[in-house]
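Next up, some structures in structure tokens.
Two complexes follow with subunit A in common, the first pairing it with subunit B and the second with subunit C.
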Partner chain A sequence: MNRTSSIVAMQFDDSEQQHSAALLGMWIFLATEVLFFGGLFVAYTVYRYEYSDAFAEGSEHLAIWSGAVMTGLLLMGSLLIALSENVFERDHMHRVFWNLISTAVLGILFLSFEFYEYHDLIKHQLFPGAAFHWPEKQSTPLSGRSVEIYFVLFFCMTGLHALHMIIGISLVSGLAFYLRYSKNPRRLKNPLTVIGLYWHFVDIIWIFLFPLFYLI
Partner chain B sequence: MTSAKQVSSTQLIWTCVALMLLLLLTVGLFQLPLGSAHLIAGLSIAFLKTLLILAIFMNLKGGSGVLRLTAAVGILWLCFAILGIISDYTTRGWQETLDPGLEQGTHYSSSDRVEASTAD
Partner chain C sequence: MATHQSYLSDGTTLRSWLMTLDHKRIAILYMVSLTFFFFVGGAAAVLFRLELITPQGDLVSSDTYNRLFSIHGIIMVWFFLIPAVPNVLGNFLVPLMIGARDLAFPRLNLASWYLFMAGGLFTLYVVIAGGVDTGWTFYTPYSSTYANSHVILAATGVFITGFSSILTGLNFIVTIHTMRCPGLKWFRLPLFIWSMYSTSLIMVLATPILAVTLALVAVERLLGVGIFDPGIGGDPLLFQHLFWFYSHPAVYIMILPGMGVISEIIPCFSRKPIFGYEFIAMASLAIAILGFLVWGHHMFVSGQSLYAGLFFSLLSMLVAVPSAVKVFNWTATLYKGSISLTTPMLYALGFIGLFTMGGLTGICLATLAFDVHVHDTYFIIAHFHYIMVGGMVMAYLGGMHFWWPKITGRMYSEWLGRINALIVFAGFNMTFFPQFILGYLGNPRRYHTYPGEFQVFHIMSTLGASILGIGYLLPLFYLLWSLKYGKRACDNPWDATGLEWATTSPPPAHNFRETPVIREPAYQYETPHSDSKNKPNPKTRLT
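Coming up: the complex of A and B.
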């Protein structure tokens, strides 16, 4: 296969310049994503400072082992997608396909654990809102409300992360099939790099969510 | 701006091993009675993991200066926001007497509890 067969858009001199532009564009997007999540991290900082005891009580309802396994799944996914770029350079498109599919499967497993956790919390009436039930809520109203704030932040932050995961899984699996059936897979170098960066970013967000919610 | 040099597969695998060990360390430290130090330990390890992912998996180590700057700026704004809010909350109640002769100001925080009886 011709290694220089990638299509270069008219505004670029060569494929290397196009690749550099794609990288810079993606990093700028990721910087804005940091700020997108940033508002919630700032809210977490304020409420954790104000209600540290309530946060500790709330976190007792989360399974640490589950959070640890979920982190492990994401890290494995990150490794596979990083390896994909290496094997792509060596034109092993079949391995790139299977690496991407494995990454998507690991992502789906991650979401399964997460949604099971949601199901468990909802079953125990710990979803914020009218149905939220906390035994101490009746005697000391604000104490119960502060635990509810912990769960508001938990569902908002992990929910936003899960939304990013769903987008990531769709992109990774879509790219895998596109690459498999493309007549010229070499031109998918930029999408592979950019989607890889997105996946690693989502991984980093979870790396912070894990200690902030599970290890209090 | 030139493309970054590729990270070797061996390097990627060893980075993943290091990340897994750090994950085990995070969970292991949580079993110890460290109290409020859990937060510091958890976040320190999270920062270490982030640096590894940024440098190796996201290949910032071999990336151009512009890419590093873009990544640093994103993190820097978030740090400004968090440090700003922490400095606000931790310094509330300090030196709140505005004029000589006036009573020391009282700080009411959202953590002040309202007794159930007063709500009646």
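Coming up: the complex of A and C.
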């Protein structure tokens, strides 16, 4: 039993037990997140089936190139986090710091693209609600209401994802500075692993959102 | 006497309670808040039961009546039944039963109590501000197009409380996986732990769906868009699917922990090892898994396809199998046991009977044709109250009486306890049995008036509810009384096995003075016919 070491919390026997608890805790949290987004994915499926033409029409108004760049940004961020775990093991704390900072910057870039997209849609009166306006075309007898549902889902799902991104960016940059100014950075192994998991998860959600909204 | 401090005397300031990280103190925080919510929800029930004495609407208007049953449902489901056993008894017992010093994430545990209270305050505000009239299910379009009450506030309260339940479940799963003491293999765990584990799985996997559903209702109301409103392109059935995908599994959050309590009480007061340990453990998991596949039986008359109805009907009947496995195993444990009718045992026996009634009427309801006949009548009310009140509340009271000496270090009056168990049993049956008949005769639920010929059943029901009310108030008094005047409890007043009885009553702040080591399966009670005259002593299980 190794309770003299200050990095193990009172309720654990040793740091290994603490590490596996932290890891399992994060995995279970991610399972709840999957279900949380799952409800929205079900709603998407139902309405995509019901209003497939409207969804195709709505996605015309999104910029595919911007979505593609955003996907690239996130993937690079994930790579950097994965690498930072590797360099952490080799005790190169300086590189861990810069990897994490770059990840956060990539995340901020991602959000800038996303918010620009939002801005564009709002400008074209495509934000659902009272201000929503859809020019009824004679050639395609689509009801504006069904296109509106596409945008409701777009804003809900990407908005929820953006919220997760904001939390992720705060966690990653907080961890980076904590690591930099901590006297004993080795004890931040668990936070690094679980925050890394969280970041990868948020990344994967986007991997599903991108084709569902942009590539149809 | 023990020279070390118990967890109760480890700091006496308000701060030492509100900022505590000790799982046992957090359990007490939950106990106090849940008792409060229980009586708020109960008060609403008193009012609408009084209204139903006469066929006319003379005490409250239909709007008030809708608000009363909505408040009763919302508070009882989310602020009492779901957290009752997991957050009070589970918080207290999970680390003790597995020989750990605390849950894996004590801060998260405290945070979940604060979330629970934040959600509770929102909901209480709704009560004061004039209520919500959608029923506990928040069905659209009652909660969207035709909402004329504080739906968003109430939904926010439930949304926040949902996260409290997710965090508790997460904490339990991690604790049970990683922190069992040496020698405590999975099949040596007490069955209470198995049921907590299954419950936690449901909490973690179902609750997020509720959160996202309520969030979508809020979006629909705030933006005025048609997510669930068919008038503007939405799909009301989607709401029901999402809602019941959470709420049907949630029904098992409300019963599985109760089954865990019963599995502890029955062997202790039959002085026999539990019959079919593995079957009871696996039945808990089976109920948790099957529970995710039966949500459609709430929607037999909502317009889902007949084939989906047939499928959900079949799956719903399958849930009865693991439930029956448990009931048969408990009865088999009683068989040839040396039964003592103590207070916890009376509640446990009551549970078996009432739960069986509730379960069997559940099979009736899973039958398509019969469900169409009694859908949305008092038959449904009677059915789920037999499970929720006759099952879960009985189990909660039984568990409280069983572990009260461990939690507080005091004994209550056994005589009053037994009388009260009988009062609750009698009052309960008188309240809800007439409702089966009412429902079968066609009295629909959720109306404040009814045809005159039903009056006699409604009067019986209200009379029973008053008896039940006494049965709930009495323990409040004699348990509080025991805190000051009760006899001091010894470490193991029931001669029970289980690690929680191996430490002092009340336990010290870190639970055990040294980490226990387990060498044998759970429930090693000496059978009455065995040669050995030794009393079971949990300490023999330790090194």
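The rule we apply is simple: the second predicted complex is superposed on the first by the 204 of 216 C-alpha atoms of A that agree within 3 Å, B and C clash if a C-alpha of one lies under 4 Å from a C-alpha of the other, contacts with A are read in each partner's own complex, and residues count from 1 in each chain.
Quick note on the criterion: contacts are C-beta pairs under 8 Å (C-beta built on N, C-alpha and C of every residue); 3 or more make two chains touch, one makes a residue touch a chain.
All values derive from a computational prediction rather than experimental measurement.
K.L.:
Following the superposition defined at the top, how do subunit B and subunit C come out on subunit A, clash or fit?
P.N.:
In the superposition, subunit B and subunit C stay clear of each other.
K.L.:
If we overlay the two complexes on their shared chain A, which of subunit B and subunit C does A:31 touch? Say first, second, both or neither.
P.N.:
In the superposition, A:31 contacts both subunit B and subunit C.
K.L.:
Considering only the touch criterion stated at the top, classify A:40 as touching first (subunit B), second (subunit C), both, or neither.
P.N.:
Second partner only.
K.L.:
Does subunit B (first) or subunit C (second) touch A:11, or do both, or does neither?
P.N.:
second
K.L.:
Just subunit B (first), just subunit C (second), both, or neither: which does A:177 touch?
P.N.:
A:177: touches no partner chain.
K.L.:
Could you look at A:197 and tell me whether it touches subunit B, subunit C, both or neither (first, second, both, neither)?
P.N.:
After superposing on A, A:197 lies in contact with subunit B but is clear of subunit C.
K.L.:
Students often get this wrong, so check: with C-alpha centres, what angle lies at subunit A between subunit B and subunit C, to the nearest 10 degrees?
P.N.:
70
K.L.:
State whether A:72 touches subunit B only (first), subunit C only (second), both chains, or neither.
P.N.:
A:72 contacts subunit B only, not subunit C.
K.L.:
Should A:215 be classified as contacting the first partner (subunit B), the second (subunit C), both, or neither?
P.N.:
First partner only, subunit B.
K.L.:
Per the overlay, which chain contacts more subunit A residues, subunit B or subunit C?
P.N.:
Tallying touched residues of subunit A, the top partner is B.
K.L.:
Where does A:50 make contact in the superposed view: on subunit B (first), on subunit C (second), on both, or on neither?
P.N.:
Both partners, subunit B and subunit C.
K.L.:
Just subunit B (first), just subunit C (second), both, or neither: which does A:20 touch?
P.N.:
Both partners, subunit B and subunit C.
K.L.:
Nearest approach of subunit B to subunit C by C-alpha atoms in the superposition, in Å, rounded to an integer.
P.N.:
6
K.L.:
List the residues of subunit A that touch subunit B in one complex and subunit C in the other.
P.N.:
17, 20, 24, 28, 31-33, 35, 38, 42, 46, 50-51, 143, 146
K.L.:
For subunit C, which residues count as touching subunit A in their complex?
P.N.:
Of all residues in subunit C, those touching subunit A are 95, 100-106, 166, 170-171, 173-175, 177-179, 204-209, 211-213, 215-216, 219, 223-227, 232-235, 238, 241-242, 510, 515.
K.L.:
Enumerate the contact residues on subunit A facing subunit B in the complex.
P.N.:
Going by the criterion above, the answer is residues 16-17, 19-20, 23-24, 27-28, 30-35, 38, 41-42, 45-46, 49-51, 64, 68, 71-72, 75-76, 78-79, 82-83, 85-86, 89, 139-143, 146, 196-197, 200-201, 203-204, 207-208, 210-212, 215-216.
K.L.:
State the interface residues of subunit B toward subunit A in the complex, per the touch definition above.
P.N.:
1-4, 6-9, 12-13, 15-16, 19-20, 23, 26-27, 30, 38-39, 42-43, 45-46, 49-50, 53-54, 56-58, 63-64, 66-67, 70-71, 73-75, 77-78, 81-82, 85-86, 89-90, 109-111, 113-114, 116, 119
K.L.:
For subunit A, which residues are in contact with subunit C within the complex?
P.N.:
Residues in contact with subunit C: 1, 9-13, 17, 20-21, 24-25, 28-29, 31-33, 35-40, 42-43, 46-47, 50-51, 128-130, 132, 143, 145-146, 148-149, 152, 156.
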